[in-house]
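Sending over a structure as structure tokens; questions will come in a sec.
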Amino acid sequence: MSLNGQQIKQIIFKIAQMIDENKMYLTELDAAIGDGDHGINMSKGFQAVIDKIKDDNGDNIGDMLKKVSMALIANVGGASGPLYGTAFMKAGMWVGNRREISIEDYYNMLLEALNGIKARGRASIGEKTMVDSLEPAINELKVSIDNKFNELECLEKMVNSAKLGMENTKNIVATKGRASYLGERSIGHLDPGAVSCYLILKTIFEEVKKIKG
Amino acid sequence: MKKVINNPNYVVEEMINGLIKAYPEYLKRVDNYNVIVRKSAPNKKVALVSGGGSGHEPAHAGYVGYGMLDAAVLGEVFTSPTPDQIYEAIKAVDAGDGVLLIIKNYTGDVMNFEITKEMAEMEGIKVESVIVNDDVAVENSLYTAGRRGIAGTVFVHKIAGAMAEEGASLEEVKRVAQKVINNVRSMGMALTPCTVPAAGKPNFTLQEDEMEIGMGIHGEPGTHREKIKPADEIVEHMLNKIFDDMPLSENDDVAVMVNGLSGTPLMELYIVNNKVNDVLKSKGVNVYRTYVGEYMTSLEMAGFSISILKLDEELKRLLDAKANTVAFKVL
Amino acid sequence: MKKVINNPNYVVEEMINGLIKAYPEYLKRVDNYNVIVRKSAPNKKVALVSGGGSGHEPAHAGYVGYGMLDAAVLGEVFTSPTPDQIYEAIKAVDAGDGVLLIIKNYTGDVMNFEITKEMAEMEGIKVESVIVNDDVAVENSLYTAGRRGIAGTVFVHKIAGAMAEEGASLEEVKRVAQKVINNVRSMGMALTPCTVPAAGKPNFTLQEDEMEIGMGIHGEPGTHREKIKPADEIVEHMLNKIFDDMPLSENDDVAVMVNGLSGTPLMELYIVNNKVNDVLKSKGVNVYRTYVGEYMTSLEMAGFSISILKLDEELKRLLDAKANTVAFKVL
Amino acid sequence: MSLNGQQIKQIIFKIAQMIDENKMYLTELDAAIGDGDHGINMSKGFQAVIDKIKDDNGDNIGDMLKKVSMALIANVGGASGPLYGTAFMKAGMWVGNRREISIEDYYNMLLEALNGIKARGRASIGEKTMVDSLEPAINELKVSIDNKFNELECLEKMVNSAKLGMENTKNIVATKGRASYLGERSIGHLDPGAVSCYLILKTIFEEVKKIKG
């Protein structure tokens, strides 16, 4: 698909806007099984992201993503800050000073991000966290790429899989994060981090579609 | 929301200013950061850094001073501080002998402190960390986020702080901090919720005749909710939960902390201690020291926690060592 | 009524037991009396006795110990102790050098302590008394019961206690106690009422958006009731009332106490102190020491008081003298 | 009228009973302008009085009244304990080891009691306290005795005067005791101590009437 730094920057801006629009929704999800701040946290963090990269010319994708990471780490607070921060950090480290990324690069960046999140959060799939939308999405993306589907199709399948994973968090008893204190009582609720992660993947797909479609 | 504040968004900032203005002989602030450090510390010693969300005062800034912490990092209310803040604290107090991070076991705290640890290590600063998880209301297993860190943390500050003040190495200080963690268990209960200023409304509700047993210090759910019972019955139940997790034998020495969450008057905490002491004595356990007061609060929540720390000779010595901080003094 | 108690009729008894069990190294009880005395005091010194109704913990038993009180007499909740109790305290601590009674200005307290003073004098014990009346919410005139005694009392305990510990005579100790009283002014406010356990219901009501300015520590009415305002405005108003009664000049030295009534979290007290300090500095007044915490509470009432003590060199020295009590320590 | 110690003891028992019956009433009066414990305090005190003198044979009236005083001082608590305690103490000191009292003795005892209360409370008439029913009652008693009215008539006039004084406390701004914190807001309310004092005088009159009538 070959996205350049400027395009990636635009996608990040769109993500920030989307998070802001979903601030109350994410916060309400978190109020049900956490401490009711996920939307507030994320929106604060992505505001800082915009500030941090608005003057970045996108020449060095790796550096830009590290800036995103630092902004998230320093401003989101809570659990999701270090997790998303680590994700962007790992993605940025993988991409290094490449000036464009392909769908395969994108896959590798996501995989690095996932591994970063899992290591940081000591989490695996099925614990009712953002991992539950991210991991199936990445697996699906891999399969689609291996099947040589066209790029938009790959991304679309990835988003659908993220959505299924996200919806499935309703059926999971949380064993990580604040929701784990609820035990069985966490069943029936979506995990806010899984939702924000799905929304981010969806935004990426939609933006790439606009650029490429 | 009935609070004596100016603006919900500036409570932490104004609190820090009010604290520093109250105790300039003990504390100073790292400019532009929510980091409070000792006014004066010896040049060479292991430095102790703790922190977490605000709303638990006097924790942790109240424990910065001689014989306890070197720095406290203050997050927003009930929100972990971020790595840039924690990093600043580490840099402010590292004297070359290494830094011990004392972390309460909450996902956000653990991750933010650990990221910072990696950042500091990359800069060549020797950093170790311990994770306090004393709250037996939560089951500890590989498959959960594990027990939470609550008032028992203050014992870690006190004892590891005394060890550092003696000039021990980072490894030694970490060892004794971990020994405290291994030997301390706590459990809390709440009668009323509390309100995060920025949220403006209580974080949960309890009926006029209800209490929640095992409640966490941010209002996290406990083991169950029930009708209010006499103090003695509540205490007995809570102690049994603690003993289930950490059995005590005859002639064991313990330190007791009866910690108010803020809304509960001292009178009630003493009534609680009356029973705690009786139960321990009836088991032949020797109560070496007792601390009754507000050590780790939860905004204006009414309720209390009980912490029991099993002591050996080393822990006794360090518990009784001189300390001079705003909220904990030993002469 | 949400309280962690067993039986409303035994709260004082169980509280005393819980307190003594917590701090046997500091305190002991006079058998069969609600009197708490120092574990060990020097044989020869002027003895200080204070007391009043219960429900104000840590006052006054928390101030029994080195450099402060020798005995505290505990009445029922919000009720003056009776002369038989006070008399027992005097007998327990009199070492022949005389006894100073520190009384808060409430009709019941004053009369019960004064009757006891007469009883003790008849037995040949040298007894003097001072009456603390720091609450400027009440006008002081020959035609009223006069200003009430509130948190400023703790400064009297500290300073007179240090003087006695130095070995001063009864006359000297009384002189310095009276000097503190002449130079300390306080004012309080409340956000919520409190419930005397035996009564079972709150002693007054305040709307969700109302506060009472000048509220006493037993819920006595203040100067007025109004809508809650920002902390800074509340503080400014209260300080002005204090300055009206006790004007301060540039370069005056003062000690500040921001005292929580119990339900108000420390966070808010620091926010209050932030403004108190600013106002004093803007007047060119030098804040020599600040104490923020719960020193004289009112069961579970939310609210606070501000006390300002004008200092000279003698008062500074005595304020900073070593003290070692459960609730007030100076190293 | 010549009352002996046994008769005085019976009157004191009646006072205790009357106080107990009026416990809630007195407490409610105190709740309006004080701290709502006057009835509770007084009833607790007079229970202790009964305990203390139930085995007293009444031979030494002065001693018996001192016992009453000590029981009140040690058990009433609050302001009214020392005040009523002082009153009985002073009356007992005046009566000494007399074995019977006349109406003149009774007057002198009351006068001593009044002076004791005024000294202890630093109170004078018109401050909305028990003094406001006691002082006019004593003045009226003096006039009646001087006028050589018969004893029951003297006592009746005394009680009527106490009642007027008590009722008049409604119009007074309190300047002593807890009610003084209310300032003007104390107007319109009876003073609980003035009421208990009136009720005690009334009980004495009624009992003497039963004995003598």
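Per-chain residue numbering starts at 1, and chain names A, B, C and D are given in the order in which the chains are listed.
The rule is short, and it goes like this: a residue touches a chain if its C-beta (ideal position, glycine included) is under 8 Å from a C-beta of that chain, and two chains touch if they have at least 3 such contacts.
Predicted model, so just to flag it, every value in this text is computed and none were measured.
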{"item": "Gap in Å, rounded to a whole number, between the CA centres of chain D and chain A", "value": "82"}
{"item": "Averaged-CA centre spacing for the pair chain D and chain C, given as whole angstrom", "value": "33"}
{"item": "Centre-of-Cα separation between chain D and chain B, whole angstrom", "value": "57"}
{"item": "Intercentroid distance (Cα basis), chain C paired with chain B, Å", "value": "29"}
{"item": "Residues of chain C engaged with two or more neighbouring chains", "value": "none"}
{"item": "Touching two or more other chains - residue numbers and ranges from chain D", "value": "none"}
{"item": "Touch-based graph of the chains, sorted into line, ring, star, complete or other", "value": "line"}
{"item": "Full enumeration of touching chain pairs", "value": "A-B, B-C, C-D"}
{"item": "Touching residues on chain B, where the partner in the complex is chain A", "value": "75-76, 78-84, 106-108, 111-112, 114-115, 138, 143-145, 148, 199, 203, 216, 218-221"}
{"item": "Residue ranges of chain C touching chain B (in the complex, touch as defined)", "value": "2-7, 11, 14-19, 21-23, 54-55, 57-58, 62, 191-192, 208, 211, 228, 230-232, 234, 256, 258, 262-275, 277-278, 287, 290-292, 294, 297, 299-300, 302-304, 322, 324, 329, 331"}
{"item": "Contact footprint of chain C on chain D as seen in their complex", "value": "35-37, 41, 73-79, 81-83, 85-86, 120-121, 175-178, 180-182, 185"}
